[in-house]
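First chain A sits with chain B, and in the next complex the same chain sits with chain C.
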Partner chain A sequence: MASNDAMKKLELLGKSMVSEVKKGEGPTFETTLRTKSNTIFDEAVGCLRTGDKKEVRKFLSVAQARTFMQTVAIANKTRQFLKEDLHTSIRGLFYQLKFSLGEDIDEDLFTEQSESNGLIEDLEVALKIKREDLHLTTDRKGFVAGPMTILDRFGGDETIIDLEKQGRSGWSIPSDVDNGMEITKLDADYVLVVEKDALWQRLNEDKFWKKENCILVTPKGQSTRGTRRLLRKLADRKLPVYCLMDCDAWGWYIYWTIKTGSMNLAYLGRDFAVPEAKFLGVTMSDIEEFSFLDKLTIKAKEVDVKRAEEMLGYPWINRHKDWVHELKLVLKTKKKIEQDALQGERLTFVGEYINNKIKKKEWLS
Partner chain B sequence: MASNDAMKKLELLGKSMVSEVKKGEGPTFETTLRTKSNTIFDEAVGCLRTGDKKEVRKFLSVAQARTFMQTVAIANKTRQFLKEDLHTSIRGLFYQLKFSLGEDIDEDLFTEQSESNGLIEDLEVALKIKREDLHLTTDRKGFVAGPMTILDRFGGDETIIDLEKQGRSGWSIPSDVDNGMEITKLDADYVLVVEKDALWQRLNEDKFWKKENCILVTPKGQSTRGTRRLLRKLADRKLPVYCLMDCDAWGWYIYWTIKTGSMNLAYLGRDFAVPEAKFLGVTMSDIEEFSFLDKLTIKAKEVDVKRAEEMLGYPWINRHKDWVHELKLVLKTKKKIEQDALQGERLTFVGEYINNKIKKKEWLS
Partner chain C sequence: MSDEVFKQFKEHSVAEFFKKNRQMLGFSGKVRSLTMIVHELVTNSLDACEETGILPEVFVQVEELGTDHYQLTIKDNGPGIPKSHLGKALGQMLAGTKFHRYVQQRGQQGIGAAACTMFSYITTGQSTKAISACSGKKFTANIAIDFVKNKAVVEEIEEVPTDENGLTVISEFKDVKYERSNYGVYEYLRRTALANPNCSITLIEPNKQRVTFPRSVEQNPPRPVEIKPHPLGIGTHDLLEFAKRSKESKKISPFLTETFARMSAGKVEELKNMLPTVDFNKNPSDMSWEDAEAIVKAFGQVKWIAPATDSLVPIGKTQVEASFRNIFNPEVLVITERSPKVYRGGIPFMVEVGIAYGGGVAAAEKRGEVMRFANRVPLLFDSGGCAITETIKTIDWKRYDIKNFDEEPIAVLVNLISVHVPYTSAGKQAISNEEDVMDEIKFAIMEASRSIQKYLSGKRRANEIANKKKVVTRYIQQLSSDLSILSGEKKDDIQKRLTKIIEDKYGGEEELAQGEGKGNEEETVPTEKEEDEENGE
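Right, the complex of A and B next:
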């Protein structure tokens, strides 16, 4: 169990600090730098990750004493959560710290919205574990339906969840898909990720996952950590992962976060990335192929244009001729197109579109 | 089935317009005014609703021709969705309209985020139906666990969903909890609504719904239409509905929207309101009762203070002495307190807090 591993690592951290104190030294804490300059694109793996630059934090340093103390307090609290076998959110952790340490806590660091919580990231990176292993829950979003069964050990119960029998709702991807959770049956040909829940519902109504024997996933916008981990696990089972996103700044960002990870969370590395992912659409080139789409484009916003320009600058993107072609079309036409537009002529067209793209291997890598 | 009813109403609307044209008159469309001045608090029922002021829209009016035509186009499209027995989002509807009508459509009116979609509201109010009955899906959020079973007829399948067997994820409340969906088993003593998903997860881990024999619901922030309808249905089954929210502007707003509806969506009336709902907490008075909470308050923001002042002005709030006392405490102390703070001393305290409040009938109405 990852939690046992986490417990051992937390205790080792504590013991090493105690031994430093006993030797008459100030306690220290080594972590990997999560700065932009220490973020690299790992060519061999195909994802963003932190480099090798380390940083040693010292308790006996005016600049570092406060965050050092807070990091140790977090290690202590999460060790207690592991012992009690209870989970809480980072907001719950904030109040536990506030109760113990008083006013000296920056509350803005402990919200569901602060994707990047420096103090917890320090622990994750230093101990090479995930915050989920420390019993910290993160915001969840995203749904799944398809030929897959989950065994969920939670709160003292064992539950079998059959993702073919979830009706209109689907299965909500939890914060933690590793600890106490297993995929016990998986009999699919591929994974389809659609950006928006509305389109997921459309495809779920058409029983797309049944007809195509696929796992139908929506991250419901940007992917949560739970969704990224689940997609990684499915890719590890050798399922191809196809993505259907909007053709705009946000859609591209969602796709590339799934594929390579994001700059902010690069320290998570391959465990949260799916370099194998393919981009099915929607593409600017689709407008030429499907004439009805021509009147369903909308004007690209400044953010779309700026993002397209940025992406052309990333070496891991601009090596792909098809992506360069796409992005240049956006810059030229100043148009964008949403996945919802695929429903413009007929509600059921979207399934045919996906099926066709996969058959013809028409995707961007 | 509500959808049959919707079909009849759409066809009646069409027929009445055709007969007006045949009589040599321009077609008209009568709807109820959804202005602030025609929004009233219904004392007898205990919720906000629109008053009786009507408005007649005319096709042969320069000012109204465009929206009139669009409204008729929406009626036509949704009739087609009903015939096909397919659902789509309002964004999907937008693209269907754009495909048929061309550029003359305001896209900002058709996003998940535009809570208030004037054209669709016109139809809802005029025909006395819900947009869900027109096969339009709305954004979904919110989760449930507890002693309740759902029969979900969807996409040609019938699925039984046991809300005691959903593991860590719970059951995601869909957009439409009426059409093709039934509560087939319900054996609970009350409904508990907690504002945040993180606290719902905490209570789900503690199996609070099992220990207390209750239905555990989170709207995950502001309630969606689906969540409000579900709560109304549970209240119709004579279950008390208790709410645990943050003690701040947003928490109060979420509570009062559940209880009385909101100004914006007042036209939905009692079908989407639960006047029976009680506010368990968190309250400013809790700080006096539970000493550990004293150091877990945070500074009220301007929006909290402003909201408290506004609420003191609403006649349906300021008649309740306990609410007046609460809100004045906020104005005096300029503090607020979040539901997450209940975990500050012990993660499992929140369940005891709720149990105790209900036993002692300590709530605000």
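Right, the complex of A and C next:
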């Protein structure tokens, strides 16, 4: 979305509030509820999204007056960012808005960043835009390498980035892959997402992406917004997306977040979800298939068990028999295997393992 | 009690008896004794003034002569006492005209001015000086008491012509003490002023400080009248007593109409119809216990008009309000006056309650002040066993938004009015726990408290709304500024409009809530429906 659109939406918001004021009414702000109860699984698309429950906030309501004013302040401030074509983090925004309301008012516009974080999400939902469209950046974490070229318009410069020439470190996925960012060349057969940076480095060293003609991505744990957006864009280019995670509930949940989106960011819907993603492994069944893995299991942590129990409760997961089977095995054996264990026999085993899985279509949805 | 005292006076030396039994007359404790003396004399002054239609002006001066030794001067603007009666009034025990009358009196309370003369004489050996200006002559005399004969000894000093009226009494006392406590002269006069808004009282304290409790209303209360007992207050035994003593009536029917208040011929017919077995033509003296019992039972089933109010003189709503405003200047004031009821033996009584909250009450140091009165006379002592105190304890103040009665700026006045106040003891400082009386006190306080509660909750709501308004208002500036930039409209215009919207929304609510609070003040007195006086008469 061009920043012009976002700016227009912000200005429209202000105008509609002022027109309410001109009619002698207290200004209102309508947004969609971001509660768990208003989060639904979209069967047709295969991702989580926010339901239809709306909430109207009123400036005249004592309980909402402060957050109302704060929301409008964020709208105005981000409009300024767009106008000046400058970016900042949500923390940067908080500091921009942390000032006293006036000499005679012993109160700051914002006192804690936790106040502004939620309101940013409210604005995203209400205006149907992403925070990246408001020039708000998030932390980067993921890396990518492979046969792809990107045109980056940034700070007045235009840079062509060849993801085949990023050496040992790969290209760090920016927080916003939409604005001022363009995929100019893409010549891969699939996308491989590995949970851990260590494995990514291993595969990068093997030139796995070159041999396999794939895009090699690591979110380095849970995916950032930028990584998820990039995966969505690659899936839009009809590339299959395969994921290789640790064999524990935590790793599996990282996969599910990529696939269906998270409940927290359900309002972003399909833009941040890749329902097409496939899960290659590591699965509990792999332990039976590859005997050496049996010795490499470690004890599941309490958080793994808890997460497994939670996942069994999610309807979009527990309707998959094989996933229920996997999760129940975790609960039964209380064991886990890290993806690093695939290197246990020999370092190059991982590549073979992946190849095999893809060839035999041995994946879980 | 008075008969008994009188008998004992005859049998013993009065002085001897008095020394032994001074506490019986209220003279116990140094502070209390002085208060009782002031009470006796001030009461006499007020009664004398009111009886002759004069607006009372009372002057009280207490001078310290030594340790526990004071001179007391009390001066009024009343009619004075004729020379021939002066000795009797001030020097003879039980010579007053107040005993055994079925009428509301202040003087029921004490033993009379002569007791003060006696107390002065016993403690100091001095006689009491009286200056009476009456009918154009000012008579000055020293009055002493012949204890053996219970007779006044009047030593004339002078008699001069005057165009003034009034009585001045000057006496010395020992074994007394002036103190500004809850039991002292100051508090007594303050409360007297509160319950007697028609009088003006000036006090000069031993330290020469002059305190004036000004008059709040320019009219004396109506004089109480003697009345007949009300049927609802009559027991079987009472009815028989009345019947046996009846001389004028030859039949029960006229006996009933003549003896009892509110007993019309129509009501007697009603009773007759209810009691076919009772012969209403029989001589009242032949009335049997069974007859009396049946009639009394029937009394309870007939709908009666309440006892005549004119036998009872309350302070009055407007009067209490005036004096409360004068003395407390409270933020809110509620006065309840219940219609008359009877207790034991057809004795009419009524309860008046005033509750003042906040304002001047908050400024005073006292919290949760209870002011007890009987026939407008303040009861300062023996509060522990008093029906008024007991009843107030049973009130669930939290229900009326009074969180902690003892710590809130609230003053409660309870005035029990009756021709015969049921005192707990001869000290006449506490009301006994008569169930009917306690119920009435409770109802009256609850009625008043409801209005206080309405006011307080209205005020709280107004406060809440004002706070809400404040909360929203403080964000106008920032919001207007942001909206102005976003929309491209003028900031001043947005700000002005927003301010007006908030003013319209919260200003209106605020007024409404405050109005509710004030509204209570208007209808301070929750009215108990006055019963139709003419019905059945």
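Criterion: the second predicted complex is superposed on the first by the 346 of 365 C-alpha atoms of A that agree within 3 Å, B and C clash if a C-alpha of one lies under 4 Å from a C-alpha of the other, contacts with A are read in each partner's own complex, and residues count from 1 in each chain.
By our rule, a contact is a pair of C-beta atoms (placed from the backbone, for glycine too) under 8 Å apart; a residue touches a chain by one contact, two chains touch by 3 or more.
On a predicted model such as this, the values are computed, not experimentally measured, just so you know.
Enquirer: Count the residues of chain A touched by chain B and by chain C, then name the partner with the higher count.
Expert: Answer, by number of touched residues of chain A: B.
Enquirer: Let me test your reading of the model: by the given contact rule, A:84 touches which partner, first (chain B), second (chain C), both or neither?
Expert: A:84: touches chain B, not chain C.
Enquirer: Applying the document's definition of touch, where does A:161 land relative to chain B and chain C: first, second, both, or neither?
Expert: first
Enquirer: With both complexes overlaid on chain A, does A:26 touch chain B (first), chain C (second), both or neither?
Expert: So A:26 only meets chain C here.
Enquirer: Just chain B (first), just chain C (second), both, or neither: which does A:40 touch?
Expert: Touch partners of A:40: none, neither chain B nor chain C.
Enquirer: Give one of first, second, both or neither to describe whether A:107 is in contact with chain B, with chain C, with both, or with none.
Expert: A:107 sits against chain B and chain C alike.
Enquirer: Under the stated touch criterion, which partner chain does A:152 make contact with: chain B (first), chain C (second), both, or neither?
Expert: first
Enquirer: Taking the superposition as given, does A:263 touch the first partner, chain B, the second, chain C, both, or neither?
Expert: Neither: A:263 stays clear of chain B and chain C.
Enquirer: Where does A:303 make contact in the superposed view: on chain B (first), on chain C (second), on both, or on neither?
Expert: After superposing on A, A:303 lies clear of both chain B and chain C.
Enquirer: Go through chain A and flag every residue that touches chain B in one model and chain C in the other.
Expert: 102, 107
Enquirer: How about chain A: which of its residues touch chain C in the complex?
Expert: That would be residues 10-11, 13-15, 17-18, 21-22, 24-27, 59-60, 62, 65-66, 68-69, 72-73, 75-76, 79, 101-102, 105, 107, 109 of chain A.
Enquirer: Which of the residues in chain B come into contact with chain A in the complex?
Expert: Touching chain A from chain B are residues 81, 84, 86-89, 91-92, 94-96, 98-99, 102-103, 107, 112, 137, 139-140, 143, 150, 152, 154-157, 159, 161, 165-176, 181, 196-198, 201-202, 204-207, 292, 295-296, 298, 338, 340-341, 343-345, 347-348.
Enquirer: Can you tell me which positions in chain C touch chain A when the two form their complex?
Expert: Residue positions touching the partner: 468, 471-472, 474-475, 477-479, 482-483, 485-489, 494, 497-498, 500-502, 504-505.
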